[in-house]
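Paired with chain B in one complex and with chain C in the other, chain A is shared by the two complexes that follow.
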Partner chain A sequence: MIGMLAAAFRRGVFSIGILAIFVLFVGPVAILVLTSVRPASGAYYIWRGTAFTLHNFVDVMQQSQVVKAMFNSFVLSSLATIFSLGITVGSGYMLSRFSGWIQRSWFATIYIFRTVPYISWVLPLYLVNTRLGIYDTYIGLLLPHIAVHVCFFSWLMKGFFDGINPSMEHAALIDGCTRWGAFYRVALPSAMPGIAALAILCWLSTWNEFLFALILTGQRTPMITSTMAQFVTETGTEWNLMSATAVIAMLPALLVTIFGQKYVIRGLRM
Partner chain B sequence: MLLLIAPAAVVLVCFQIIPILVGMNASFRDWSLVNPLKTWVGLSQYVAVFTDPVFLKIVLPNTFILMVSSVSVSLVLGLGLASLLNKSFFGRPLVRTVILLPLTIAPVITATMIRWSFNDQFGVITTFLAYLGLPEVAWLSDRWPSFTLVILTDIWIWAPWFTIILLAALQGLPPEQFEAAKIDAATPWRTFIHVTLPMLRPVITVCVLIRSIDAFRTFDQVYILTGGGPARSTEVFSVYVYVQAFVNLDFGRGAAAAGAGAIIMLLVGVGLYRLVNRTMVRSR
Partner chain C sequence: MTEVILRDVAKKYGQLSVVHGVSLTIPDGEFVVLVGPSGCGKSTTLRMIAGLESISSGTISIGGKIVNDLPPKDRDIAMVFQNYALYQQMTVYDNLAFGLRNRKVPEDEIRKEVARATQMLGLEPLLTRKPFQLSGGQQQRVAFGRCIVRHPQVFLFDEPLSNLDAKLRAQMRLEIKSLRERVPTTSVYVTHDQVEAMTLGDRVVVMKDGWIQQVGTPLEIYNQPANRFVASFIGSPAMNFIDVDLVEEQGRLRAKARDFSIRISDQTAALLRNCKATSVTLGVRPESIHLGSPPADIDTAFTGDVAVTEQLGAELVVGVNAAGATIMASRIAPDTPIAVHENVSMWMNPKSLHFFDAKTEAALR
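Up next, the complex of A and B:
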């Protein structure tokens, strides 16, 4: 009898613990979502009152700056993903399959430059971009976004190819495939699952990126994160509109969390 | 074959290495953004940074407090959550999904919602804590409460990262040793300390290293949550550089601070690289 009670008690504590974890991670998001569907008058006491509205979203979507920012972030994230993966897949393959002083020094380079804090090269990049006349343009933000991924992605790509047995490529070479063909037809398809996971993470991280957007763009090419930051720091009183913008900006993240979690987990494990 | 790294190398050189050189050049000059004289002033910008009481007494301690507390607490919580998720229980898929939220949501948005939840007057959490009868804390108007909030936000974001990676590592461990521990009637706690932890050590080392390097450059959460305030008391390294360059409009000083940070991190990075290599060799 006492044993059963103890077991029930333990199970109760366990369930409460699980519930607490759940609330801890969903709570802040729920508060934000709830605020976004309250009218301006109800935003300050969101646990009181029952007035709900979608008007905040309509309001936000009517601001051309927000719509433009979302479009810019979308285009930029997609381009950055394609280019970063495109240029790091080769570098990772080389690191994995060949060895020599070039590979060793390249590996040391990407390791060292990964430790450099972003601000240390984005700050002077502001001068470089202004000098080149690409400040506040797509290209001025796209190229640094590709550069930021070079180091880490080369490292991860090396990991993908390390996990693939090279004997398949050797077989392809013997069968008359060129070195390039062995890479393109044999190694690349086997690395595809990892690359797909990396693509999703890369897209999200570019969409979420803030420091580059803050320093390298202005009014002409707004990004969603820098637009939001402007809201918070300058007009930080209209919390209902703030939250609506944040919820819209959060949509890709929510979609990926619900439908693409397999890829996120695989991507993070690397 | 060189063709394979050429594009990556070109982008790296043009948009990372050249800017670093440009920044180093600017850090030796009187380079105000309003009126760039660009006269050579030698090391005086660096001297100014390292004698700036804000940098020495606030920025450096804050940066390292954030780094150490965020990484260690996230690691412990991550280990706990990972061991929990390694068992099967009702609702496990749901928990595994929701812990991905902090990792996919932009830090800017996370900081926004934390700032709103802890709003002094209307924040849901502030009100809830008052309802529980706890003493009221003006979360965002004093140094330590706001800095605690910054650290908690960082932990909220990164504990799930540790969880996911450690969970993968746990699931990859060979079962034999756990069976042996069970036969020897070891308690779950002792099994965890003497069997699980030693086997997880290489993974933990790598995670801690990667996170420590990244924690040094934390910017988004601090900038949105406190903006470095109140009165610059929660500034961390990246925010300090930003404020020097774009708020005080002293680009030379900002570049010098950025350079100093990069050098600190390079030294730490090289040291960590050695350490990782040694751990890897030993664990093999």
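Up next, the complex of A and C:
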């Protein structure tokens, strides 16, 4: 009798847990998707009414600013990923394999920048960008993104290389490779799962990034995240359009996550 | 002719000195084993020969050419690592071919060399596999193959058998031995395992704390250890050490400790008198201690209580409390009835006694 009660209690706790996770994670997305298919008048009453429409999607896709922002975000995410990984792989390898004052200083630098609150970078960056005349340009957004990625992902990359036994590179050195050759032909291919995982994380973090996009870009180089925020206007918030844009913006991230999940898991397990 | 010569080779990390002036000449075709406990500098020495560690002072020459400043790839060496160090993303064939491709050897020739090595090592069925699909023994065999295909001037082995289980280790030891008959290349082999050192080495170099303790053939090292460390490191069970006083009695020299007094043979006595030592350490190997009473003309008997017995099937090892130590005796017939705490008499073979200076620990001879 007590056993049955205990089992029922355990089931109850488990169900509440599931419900909490659902409300916290699935709930907002469900509301978002639901809002995106309701007419403007129905946005505040998504649980009531039976009017559904795909017009919101047509509407936002006809706004050139949204399309441009999607394109910009895509290009910027891809560029940031390529450049960040180029630097991060080198930086992680250096931190893992060599030691000396250069490595220690570099390590200290990225450590300090990691601990500084993200938002405290943004305002100075705005001043720097306007001063350099790169405000509201690709390069003005690309450089800060690369900097952030290098600081955050060099550690992960170092971990990947730490997991690869250096004697493999030593064998390559003896087998006729130069130090560079040993890195390029032996260490790098072994780190590939880790690099693939980082590429996905990198891409997603730029795609989803909001603060830099908001402060460092304007009308010329809109990003998808900051464009979404512009549906909040003086006359009210166009929830239906904002939700439709958000759903569209979720798709590439969703695709990358679904198809890249296996690499991320394999890579982070390295 | 590939001679490897180390002259006063030393390694320092900042202030910390890990190898102090190692000098060693390895003639063409010789198989030398560097053996010692962890941290004795044997691996560092090997890595300096390989070029994976810089040399702080001294010179290393391979085949008459000083290689101090040559990168590993230009030293014409091949190395087997403890953890195999196979290229994980390549197949066995590509692993074997990697070094040759780096040297721009034509593909036909590579195929021939790989075939020769795989046949020698029985790797043919594994050529298309990746390293993670192989067992430890197979991986190490591929690592040997990677060395053989290149026909290097020197083979270097860095504890190649340490990662294998005991049974496989014994089997691979024999394989290295037979491989060595077929490929008589100058080799330097590092191990902490005295059995590998004794069985594989033409000569054995015993190291401790960055110093060479002794260089010699396995039998020289075993029979004439240069100091107490070498004597204790080589041999299993380890040599017994008893602190004794040398006392003249009726013109004979005797080694005495508490409840322990044995006569030293005249020949040895003459040597010890020459050294003028009075307080020495007597070393005697377990197999030189026998149960029972000695023949009439031998005066090395002692008695003691049995502290421990180890039945190994082929022999019985007995530890006896005597002379203030537990003296181990091996090669006792396994069916000998011996109980712990029993008082037994034993004797030592007077020809197999070693004496070491109590302070410097150097062998007195």
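What we mean here is this: the second predicted complex is superposed on the first by the 230 of 270 C-alpha atoms of A that agree within 3 Å, B and C clash if a C-alpha of one lies under 4 Å from a C-alpha of the other, contacts with A are read in each partner's own complex, and residues count from 1 in each chain.
The rule we apply is simple: contacts are C-beta pairs under 8 Å (C-beta built on N, C-alpha and C of every residue); 3 or more make two chains touch, one makes a residue touch a chain.
Just so it is clear, the structure is predicted and the values come from calculations on it, not from any experiment.
**Q** Based on the superposition on chain A, does the combination of chain B and chain C result in a clash or a fit?
**A** Verdict on chain A: chain B and chain C fit.
**Q** If we overlay the two complexes on their shared chain A, which of chain B and chain C does A:174 touch? Say first, second, both or neither.
**A** After superposing on A, A:174 lies in contact with chain C but is clear of chain B.
**Q** Applying the touch criterion given at the start, work out whether A:121 contacts chain B, chain C, both or neither, answering first, second, both or neither.
**A** After superposition on chain A, A:121 lies in contact with chain B alone.
**Q** Kindly classify A:7 by the partners it touches after superposition: chain B alone (first), chain C alone (second), both, or neither?
**A** Neither partner.
**Q** What is the C-alpha-centre angle with chain A at the apex and chain B, chain C at the ends, nearest 10 degrees?
**A** Result: 90 degrees, to the nearest ten.
**Q** Is chain A touched at more residues by chain B or by chain C?
**A** Of the two chains, more chain A residues are contacted by B.
**Q** Is A:31 contacted by the first partner chain B, the second partner chain C, both or neither?
**A** A:31: touches chain B, not chain C.
**Q** Counting only touches as set out at the top, which of chain B and chain C does A:165 meet: first, second, both, neither?
**A** After superposition on chain A, A:165 lies in contact with chain C alone.
**Q** Between chain B (first) and chain C (second), which, if any, makes contact with A:186: first, second, both or neither?
**A** second
**Q** Looking at the overlay, does A:20 come into contact with chain B only (first), chain C only (second), both, or neither?
**A** Once the two structures are laid over each other on A, A:20 reaches no partner at all.
**Q** Once both structures are overlaid on their shared chain, how near does any Cα of chain B get to a Cα of chain C? Whole angstrom is fine.
**A** Once the two complexes are overlaid, chain B and chain C approach no closer than 15 Å between C-alpha atoms.
**Q** In the superposed arrangement, what residues of chain A touch both chain B and chain C?
**A** None.
**Q** Can you list the residues on chain C that touch chain A in the complex?
**A** 50-52, 71-73, 75, 77-79, 81-83, 85-89, 98-99, 102-103, 146, 150
**Q** Touching chain B in the complex: which residues of chain A?
**A** 14, 18, 21-22, 24-29, 31-32, 35, 44-47, 86-88, 90-91, 93-94, 98, 102, 106, 109-128, 143-144, 146-148, 150-151, 154, 179, 204, 207-211, 214-215, 225, 228-229, 232-233, 239, 242-243, 246, 249-250, 252-254, 256-258, 261, 264-265, 268-269
**Q** Would you pull the chain A residues touching chain C in the complex into a rising list?
**A** 165, 167-168, 170-178, 181, 186, 189-190, 192
**Q** Mind pulling up the chain B residues that touch chain A in the complex?
**A** It is residues 1-5, 7-9, 11-12, 14-20, 22-23, 26, 81, 89, 91, 94-110, 112-117, 119, 121-122, 124, 127, 156, 160-161, 164-165, 168, 213, 216-217, 219-220, 223-224, 227, 237-238, 241-242, 245-246, 251, 254-255, 258-259, 261-262, 265-266, 268-270, 272-273 of chain B that touch chain A.
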